[in-house]
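These are the structures in question, set out in turn.
What follows is a pair of complexes built around subunit A, which joins subunit B in one and subunit C in the other.
What follows is the complex of A and B.
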């Protein structure tokens, strides 16, 4: 048995299991016979085992340097460190699809475990059929289009190794997996939506689907923040988000899933927006396929782009099929949907719907902005670019409205506004005004002043709600305020967690406003021993040296930095700026910036160029960005808030949501 | 001094061995650049890159573009004049901030278009629902009754156990 053979067999077996699972689920749905459902369920763990075997075979091939497998020959080399070898399965196209398919079988198995219990027997076969169909697609693609175990006729003695950019940072082991967990996770809500529409049960699906969506959303959020930090750490330009088409591809499903999470809450509580929720979740899942299409088709230039070839067309077909199924079903059952009432705009449901409207709009803008250059080229033959400056500008008004709604929504009651609500709104409005005023008095730009105001406003909103809950509880139960706080946090985790998430988002918005507005970049060439004074700091170049490190050579230029005044606060220290040369890259070096994090400014030192004859000078770049650290803290708060909601114990508590909330 | 500084020959050799001749020489250091150069370069496309701006990319042409920007700034040209210079050479395509006219005007209007579109769909959705609610719920379609009856039979019992 060779890894290649095991992998090929395992892929074929998984495809077979998926086809059988699909067939049996369809039979169960058509014949309304539970026996077929039970049989279909067995194929979920079987396909998981098959997929894991295939994935294990790829790792096996990599670990044993089996260069007779094309994937290994193309993406692995003898010099790779162990951790790089272990993460190489998702360093290129075929392996990444295998990871995707494997995670899909994992989610299918989790859903299958619930079939017949919380997922009732009417919906279960259809949900499973949908998930099995997705599995058939992925394992079909692997069997027919991009086979991860294609053999090489004449195995080379050593392979090319993965793209050096991917082995330059340990985030390679984290970010892609989180991203796939999020992307693939959205297939479950889609399957539940399809099941609800086919089984014509339009209300009962929403609670559990919201939970699944939150799981996927949490992974997606973590992945997006991790990716931002990764690019900040290694790309060497001091930014964290470039509106690259593939970054856009990750944010589009995030927007749509966020919209769904909010309107689903209204459906759960009030039975409204049924049609919307079907549409939003279909779009969110379709957006993940769209993202895959963008990354793997080569239609769009991007630093993330993987490959071009037939796989793009295949994904485009799958995308169309997804949309057709989702919207086809929706148009079929649309006339049956009954809403439990009407929307009042000045109420929580109104604010949630308006919020969803903005999230949807943002997704629309990002899709259009990403595709517009293609459209123009196809229609007019002209070449245009739509890039970061555009997206940054349109994000401002959209972001401001979203942040305003984020504060108002939870404060407004479900029905009509009361006098207490009006008092709260006045307090929040004052916080907004004071924040903006402070910002302007500190002579910050109007945009940043507004960001401070919006942060104060959201902080006030959360503070008011938590404070109110504490007061009411401590009065009613006669306990201390602190006990009341603990009780509140422990008992209504969904609400409390969402406060945390909102706080994190408000903080992220503040950090983004500061760091995007006040980034300072400067480049200068220094002789060894020379000094450079800029932005409140003084940097001295100590030497330019070279060091052999495993499969790379590093040119290292250490800097001695000391702070001169407030602008350079916390910048003092010794920084080893470096350029890494990998054999595979020829002469093209990879800059590895050194970042000094601080709560005020981040200092970012990059070695750009050096004297290649004598090592007597080096060209350095210094980037100073305020408040970036808070963006990572904000990301952690959002993820923790999500975890807080999802932590076992709150799941399966739909009854509680009928009680009045804090 | 934590770093070893090998003799000049060893220095060249260590890198030369790995990366070959491409590495060997560079005549003069790149120019010093101010933050304003980067602010302008960030809005210009690197013509040969995969979606990177002239501020981020290290391709030769981007290095050259940054040098040109620095030179023109030193000559006292404004940001608009410098951008116009690049547009003249490469066309509007070089601008990551697409012009607010012609074919790229639509993209600037996209937030309003999106909001309008979604709002319109929402409005139609709501008004349909209202109509349907007025049609009274007493009337249950025949197929729905049939479906309910079929479902009342229930799923067949699990004979496995």
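What follows is the complex of A and C.
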């Protein structure tokens, strides 16, 4: 048995299991027979085993340097370090599709395992059929369009290895997996929505679906922050977000899933917005397919683009099918989705809907900006690009409105605003005003002053809500305020988790405002031994040297860095900025910046040019950016808040209904 | 729906449309080759464009003291002298496709940003001569 053979067989078996699972699920739905459902459920773990065998076969081929497999020959080299070899399955198209398919079988198995308890006999077969159909698509693509296990007629002695940019940072092992877990995770809510519409049970699906969506959303959020940090660490321009098509492809489903999470709460409690929820979740799942189509088709070029090929067309077809199924069903059942009441804008549900509409608009704007070059090319025949300034310009007003709504929404009561709420709103408004004023007095730009105001406003909102809960509870039970806080936080995890998420987002907005507004960039050529002082920092160039490191040659410029504090200059260590030359890339190096992180300013050093003859000088770029560190902290807070909500013990209706609704 | 609701919706949609389409039209950056520039100089004067072509061999000069990088971009037919400050010179080679973002100042191009192609399906840059069509393709890919 060779890895190639095992992989091909495993893929074929998984495709077969998926087709059988799909067929049996459809039979179960048509005949309303539980036995078919039970039979279909067996194919979920079987397809997981098949997919894991295929994925394992690819790892096996890579680890044993089996260059008779085309994927290995194209993306692996004998010189690759072990960790690079292990992550090479998602370094190119065929392997990423295999990872996607494998994670899909994992989610299908989880749904199937839970189907016994959480899904009724009408919805379970349809949800499973949808997931099996998605599996059929992915494993069909791997059998017919992109082949991870294609053989090479004359295996080379060595391959060229994965793209050097992907070997340059360990985030390669983390970010793509998180991203796929998020993307694939959104297939589950979509399947539940389809099941709900087909079975015409429009209310019950929302409870379980919210949990699944939050899982996918948590992975997506973690992946987006991890990706920002990755690009910050290696791309060498000192930024973390460039509105590149692939970045856009990750943020669009995030916006739509966020919209869903908000309107889903209203349906859960009030039975409103059923149509919106079906629409948002269909769009969120479709957006994951859209992103793949966009970046894998060669239609739009980007930093992440794989080569062109028929796979783009296939994904376009799948995207259209997804939209057709989702919206076709929605239009069919639309007349039955009568709302149980009216919505007032100045109420919790009004704010939640407005917030969701803003997220939807934001997603639409990003889609439009990403596709606009295609429109211009079709109409005018000119090659253009829509730069980051467009997205930044539009994001600011949308972001400000969202931050305002984020503070108000949770403070407003359900149904209708009452007079005690007005007091809270006045307090929040004052915090906003004071924050802006302080920002202006510190002579910051109006935009940054507004960001400070909005942060203070959101902080006040959360503070008021938590404070009120604590006071009421400690008075009612006669316990200390601290005990009351612990009791509340422990019992009402959903509420507290969402407070944490909101605080994280507010902090992220503050960090983005500061870091985007006050970035300082300077370039200088230093002789060895020369120093450079800027922004309370002194850097001395120690040497310019060359080092052979496995499959690359590094030109290294170590810097001795001292920082100014109250007692004068103090050493803060040695920082190595470098250029990595990978043999596959000819003479073209990859700049590898080094960052000195601090709570105020990040100091970002890039080696740009060096004396190739004697190593006596180097041209360096320094980028000083305030508050970037807080963006990563904010990301961690958002993810922790999500985990806090999801931690086992909070799911399930009995626990929820027993909670006070503060 | 009450008239005031309709008025509100029209206002919001109008503001959004203004924001989006106004922003789109003022933030378009054209991709051009040297030949395309010389066909219609007035059109690209004083606006940000992306100039694509090949770095002509033997024209790269880097002054380490004033950090100025000079080179000539050619598309096989016409060529443009590019002057750029703040671009990382180590990241680029002669006879390689490049895209420089910047503005024309008469016959000279003042670059502000040099874009390097980072494709996952990486191919070492070809050296030698490109046809204008190939150069066009390089520009499109270095987006």
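Structure notes:
Rule of thumb we're sticking to: the second predicted complex is superposed on the first by the 642 of 662 C-alpha atoms of A that agree within 3 Å, B and C clash if a C-alpha of one lies under 4 Å from a C-alpha of the other, contacts with A are read in each partner's own complex, and residues count from 1 in each chain.
In this section, contacts are C-beta pairs under 8 Å (C-beta built on N, C-alpha and C of every residue); 3 or more make two chains touch, one makes a residue touch a chain.
Values in this document were obtained by computation on a predicted structure and should not be read as measured data.
When both complexes are superposed on subunit A, subunit B and subunit C end up clashing with one another.
When the shared chain is aligned, subunit B and subunit C each come close enough to touch A:390. Among subunit B and subunit C, the chain that touches a larger number of residues in subunit A is B. When both complexes are overlaid on chain A, the residue A:166 reaches subunit C alone and has no touch with subunit B. By the document's definition of touching, both partners, subunit B and subunit C, reach A:525.
Touch criterion met: A:365 reaches subunit B and subunit C at once. By the document's definition of touching, of the two partners only subunit B reaches A:276; subunit C does not. Using the contact criterion defined above for the overlaid structures, shared-chain residue A:122 touches subunit B, although it does not reach subunit C. Of the two partner chains, subunit C is the only one touched by A:579; subunit B is not. Looking at the shared chain after the overlay, A:609 reaches both subunit B and subunit C. Once chain A of one complex is fitted onto chain A of the other, the partner contacts of A:92 are limited to subunit C, with no touch recorded for subunit B. Put simply, subunit A uses residues 236, 300-303, 305, 361, 365, 368-369, 372, 376, 382-387, 389-390, 393-394, 397, 521, 523-525, 585-587, 591, 608-609, 611, 617, 619 to touch subunit B in one complex and subunit C in the other.
Remark: subunit A residues 32-35, 38, 121-122, 200, 235-237, 239, 242, 244-245, 275-276, 300-303, 305, 335-339, 342-343, 353, 357-358, 360-362, 364-365, 368-369, 372, 376, 380, 382-390, 393-394, 397-398, 520-525, 542-543, 545-548, 553, 555-556, 558, 581, 583, 585-587, 591, 608-609, 611-615, 617, 619 touch subunit B in the complex. Those residues of subunit C that touch subunit A in the complex are listed here as 16, 19-20, 23-24, 26-32, 50, 62, 64-65, 67, 85-86, 88-93, 96, 116, 118-122, 124-125, 139-143.
The touching residues of subunit A, counted against subunit C in their complex, run 91-93, 163-166, 236, 300-307, 361, 365, 368-369, 372, 376, 382-387, 389-390, 393-394, 397, 521, 523-525, 579, 584-589, 591, 606-611, 617, 619, 621. Put simply, subunit B touches subunit A in their complex at residues 1-6, 8, 11-12, 14-15, 18-20, 22-26, 29-35, 38-39, 42-43, 45, 49-53, 55-56, 58, 91-98, 103-104, 106-108, 110-111, 113-115, 117-119, 122, 125-126, 129-130, 132-133, 137, 144, 147, 151, 155-160.
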